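The letters A, B, C and D name the chains in turn, as written, and every chain counts its residues from 1.
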Amino acid sequence: MIVMKTDATEEDIQRVVSIVEESGLRASVIRGEYQTVIGPVGDERRLDFDRLATLSGVKEAARVEAPYKLISREYARFFGEPGAHRTVIIGDVRLGNGEPVIIAGPCAVESRHQIMRIAEEVKQAGAHILRGGVFKPRSSVHAFQGMGARGTANAEEALTWLKEAGTAFDMPVVTEVRGESMVDLVARHVDIMHIGARNMYDQDLLADVARKGKPVLLKRHFGASIEELLAFSEYVAAEGNKDLILCERGIVPVGKGKNYTRYTLDLSAVPVIHSETYLPVIVDPSHGTGRRELVFDMSCASIAAGADGLMIETHYDPAEALVDGPQMVTPDELKEIIEACSTLYTLRKKTRGAAA
Amino acid sequence: MIVMKTDATEEDIQRVVSIVEESGLRASVIRGEYQTVIGPVGDERRLDFDRLATLSGVKEAARVEAPYKLISREYARFFGEPGAHRTVIIGDVRLGNGEPVIIAGPCAVESRHQIMRIAEEVKQAGAHILRGGVFKPRSSVHAFQGMGARGTANAEEALTWLKEAGTAFDMPVVTEVRGESMVDLVARHVDIMHIGARNMYDQDLLADVARKGKPVLLKRHFGASIEELLAFSEYVAAEGNKDLILCERGIVPVGKGKNYTRYTLDLSAVPVIHSETYLPVIVDPSHGTGRRELVFDMSCASIAAGADGLMIETHYDPAEALVDGPQMVTPDELKEIIEACSTLYTLRKKTRGAAA
Amino acid sequence: MIVMKTDATEEDIQRVVSIVEESGLRASVIRGEYQTVIGPVGDERRLDFDRLATLSGVKEAARVEAPYKLISREYARFFGEPGAHRTVIIGDVRLGNGEPVIIAGPCAVESRHQIMRIAEEVKQAGAHILRGGVFKPRSSVHAFQGMGARGTANAEEALTWLKEAGTAFDMPVVTEVRGESMVDLVARHVDIMHIGARNMYDQDLLADVARKGKPVLLKRHFGASIEELLAFSEYVAAEGNKDLILCERGIVPVGKGKNYTRYTLDLSAVPVIHSETYLPVIVDPSHGTGRRELVFDMSCASIAAGADGLMIETHYDPAEALVDGPQMVTPDELKEIIEACSTLYTLRKKTRGAAA
Amino acid sequence: MIVMKTDATEEDIQRVVSIVEESGLRASVIRGEYQTVIGPVGDERRLDFDRLATLSGVKEAARVEAPYKLISREYARFFGEPGAHRTVIIGDVRLGNGEPVIIAGPCAVESRHQIMRIAEEVKQAGAHILRGGVFKPRSSVHAFQGMGARGTANAEEALTWLKEAGTAFDMPVVTEVRGESMVDLVARHVDIMHIGARNMYDQDLLADVARKGKPVLLKRHFGASIEELLAFSEYVAAEGNKDLILCERGIVPVGKGKNYTRYTLDLSAVPVIHSETYLPVIVDPSHGTGRRELVFDMSCASIAAGADGLMIETHYDPAEALVDGPQMVTPDELKEIIEACSTLYTLRKKTRGAAA
């Protein structure tokens, strides 16, 4: 990390950038109001920080050992904003640092009718963003793969329906992109690009998605530590895309025998990520529990822990859904959840203010 | 499980008990207002349920496959109380099915002065029950083992101080009992007997403690599934002791690298245990996170998830504590947590009422 | 799974294929010497097996519930080869069902000189296949990413060196392909396409690689159960590619504190995969332990457990390597390992024959 | 750790012991042929090592940070025996540093006839030590608890049968002790006291068992890291008992879905424990896999990894056993395993000699 003096010239900045690039790294230049910071991306052992520190216009130059830097609270400190909490803007929706944002919709887009009807109902329930899976990652090649399954011509059609439904009911839309070959197609139709838990470790996909310049929703892998999630988030930030929303969706359950949930939600991830980075964090209690009757309680718990939003699978008839029926709530249930969470948020803001 | 008819005679009941006992099992007889249920304890494969079902006074006789029965919601259903939620009564404190109960105090009792001062301060902050460790389970034989370390004469003295402090400030007291040899001693001095996470699998200790007839606080092992916790709880219930409080205190973190917490709190354990059993559940955010600055958020999240109480390590000077300093809050912080949780509970009661 | 009668006509077979495809599934047709089996790929709930069973030429038609079928021992049983153990042929090397095959080479290709020298030395030590990473998956965007790092022009050059070295010393070569965009490039230069542990869940990559028709080496993700590994292997087999080699390379260590290894090798995966499928299994003790001094013992243990081969990172000067130095052995050490494993294999063949 | 000079007087030694004890720690004095080492047991922060180093007769005084010391290879180094590998002597059997020792017998003692017959058959098969459970730790209070179940009078009788069978066929015997109240009883009847995986964290039981002075067999908990196993082993060594045998018996399986084994054997534990301590390590492939058909392969793999012995559950009629039938082998199968392992050991000794 190289921090420039407030009176550093453009020439000074370019000199540092050149040295970084000559060493085979890329340079991420972030220009603050008063100050510019240059974050080298790549193997920092190749850089001579002692020499960099002596250059004209350089205030400070130091190697940061953590596997993530550009998204770190430490980085924010360089800008004199140690308490920063980023707001990602998606159309009219502001996610982070304010009212909890609710992303709702079916697990998978199944028909034009289905997504239009669900969009209408979740909007009425109070949702802000519409979700719907087109490319479903599945554990078995023998399971339903979503309308965007390879070899079928339906992917684009399903994406069109999703966007149409979002537009009709005035909500930005989000869908999962599962492989590099789908990045362009998905980017043309959605407002947020979602990278699922199974793909969290796919660094090339992360970089390709990041380059589209749209907000990125990255889910934590169910076997990943928080440090790993942050290290892979850095692959997005390293492309210059900081419109990054992190999502806790459950880790692999512990022990022998049953835990009565599909995964185990790690809600401490919410305050921990807030203390390590300035990024917004949301929770997915649908995948996190796999059980519709637990979604209300875990939604409330998430907001109480400080989550910036929720992603909740919703369907007017969960029993009929092709995927994930047991974990979807109805629009009526969604409404109750949203109302409870809104009250909780107001309360938390008041008490947390006192406690902080 | 054998359910007797409402008009079954005492003789009918005794006949069933005899058959169960002749088969080498024990019989747990639970007499409801209208109905008696007999729960065999032991290897049910030895019982001929078809024959039992034909006996005079028997309404239903069936083998239950789950490793726990006596604590199960299914069992409550037999009594016509499918929605039962048990209240454990400890002196004037009612834990379960009402306002969240706060257990607070130091990790370890260190001196008479220390425990008296902390008792006074946590009482003022709003705590209901006083905790203080005398026998500390430690990962290393080279670490401080608590005042009740083997070979020292201080155990009883420390227990006396704890009880004295509780009496002085009108709070029941709880301490951990780590081995069978301490059961009698601890039972003489405390109001709740606490079995720690490391001892959850110690079935003989569970049975010995249960037999003392005092309320039992059982913590989930950090490597145990919820089913295992419930199966071992059954060892307490099988001794006829149903004043059982279960405690979630964190599971082993997942993945490579850091999670920035000592353990990972599994808050879905709260609604799950409530749906599987009629027992109260509390959460220990101090051990669950290992970080003082996360205790507020995770306490709120616990109550929002439906927890019946919290166990929070508190010390007037965390930095000076011999054990677990980094995770203890001050009495002032405790007060803020209790106030936030109380408001949250009221809110939850209102919204959950609507949603349920 | 639909098993045709021995006297089924081509017309009979095509009728079944049509019905499967009309239902929106693909049909994998496997023609044995005496018998043809048709494996539907996709959501089998859409097929009416009762009706299929009544068609002319059909002997048996049944839904298989497991997430993998085409690679299963059960499938082999349909062909009357319940004890099948597949041999994957790569040039002159036969992997599976015979002498253990040793894959050796550096973690990463660093220069032409480096890979030529290592190729020569591992060949002399007794290795059969040459490995060398060009695209390195890394946990941190700030770590060395291999010569094939995106944005650099070196990928093809490094692949050429690798192939050149393999040709010079008469060994097929293997390298990891990390994303869909690299599939074509890698397929042009290597003999085995390797999908790393982090990408095991990347179903699109698996399918793309499988379609190249070259042998595929698939590593188990460090957080995946064996069932998951097999379910994702099915994505390769579903493309008609059964030249599939599975690799155990260690799972995430358990518990609090140190395990003194980078991962935990699960050697029971070897006999388990052999009993569930007919595919060959190899072990990677280098990544599995992360410690050079454990490679000898764990190599021997792997062969004793029945492994069909080993992948061992080797470098003439481990201390100088840019990646994974602490886990690489020298060519001299490799020689000792190969000799010990060869003797062990002979012994195992003798004793296992007696025991089986 | 305080290392005395070779010419230190008895007075010098006693002065150090006094200072250690005055600080509230115990002093473990180990007198080598040339040199005496004093290991403080307890919270070393209370000791002033700088002052200790200046005392007459003291060569070196340093705090050791690891949670285990007395069993560590570092400790052995102080005695000038860096490569030490302890042999535990049980009657005529020498375990450690030689031929693999086989412990065999039924999961549970069920009758006098059963244990006598099994003893005879495992002896003929080549076993060295007889095992048989009397007190069975069970996950469910409703499962068969062994003949020593609380409240039954059979415990002592079953122990007598076990010892009788051992004597009749000239084998030392081992049984599990599950709680502190059984320590005296078990110590009267057996040659090795076994502490099961579930009780590994029970420090009081460890200390009580250690004090009996008999060899102790300690199993690793299925959720414990190797460091934890070693830290709890230290509780035994701290009582002056170094006749300690460690046992790997499987950790909790990873991931979603099936692993096809009951636990996951961590065979790297064998070379790792050998490099961290001088203690012998055995493996229990019966509990480690839970599947009879995997016992042969995993036994061979264990010996190839350097294990000093095996514990294998054996029964003449596994299908009839009250506990753990699916994982027990027959005496004939045991014979094949022992023969294969013996040959493997000879081979390993030869090749390892070359490689070391």
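Points worth noting:
The rule we apply is simple: contacts are C-beta pairs under 8 Å (C-beta built on N, C-alpha and C of every residue); 3 or more make two chains touch, one makes a residue touch a chain.
Just so we're clear, the structure is a prediction, and the values are computed from it rather than from any experiment.
Common neighbours of subunit B and subunit C, listed by label, are A, D.
Contact with subunit C and subunit D alike is made by A, B. Among the pairs A-C and A-B, the greater number of C-beta contacts is found at A-B. Each chain gets a centre from the mean of its Cα atoms; for subunit A and subunit D, those two points are 48 Å apart.
Between subunit A and subunit C, the centres computed from C-alpha atoms are 33 Å apart. With centres taken as mean Cα positions, subunit B sits 37 Å from subunit A. Contact of a single residue of subunit B with at least two other chains is seen at positions 67, 139, 221-224, 228, 231, 252, 254-257. Of all residues in subunit A, only 67, 221-228, 231, 251-261, 264-268, 270-272, 275-276, 288-289, 293-294, 296-298, 300-306, 333, 336-337, 339-340, 343-344, 347-348, 351-352, 354-355 touch subunit B in the complex they form. By the touch rule above, subunit A contacts subunit D in their complex via residues 139, 222-223, 252, 254-257. Contact residues of subunit C toward subunit A in the complex are 26, 40-44, 67-69, 137-145, 150-151, 178-182, 198-199, 201-205, 207, 221-224, 228, 231-232, 234-235, 238, 252.
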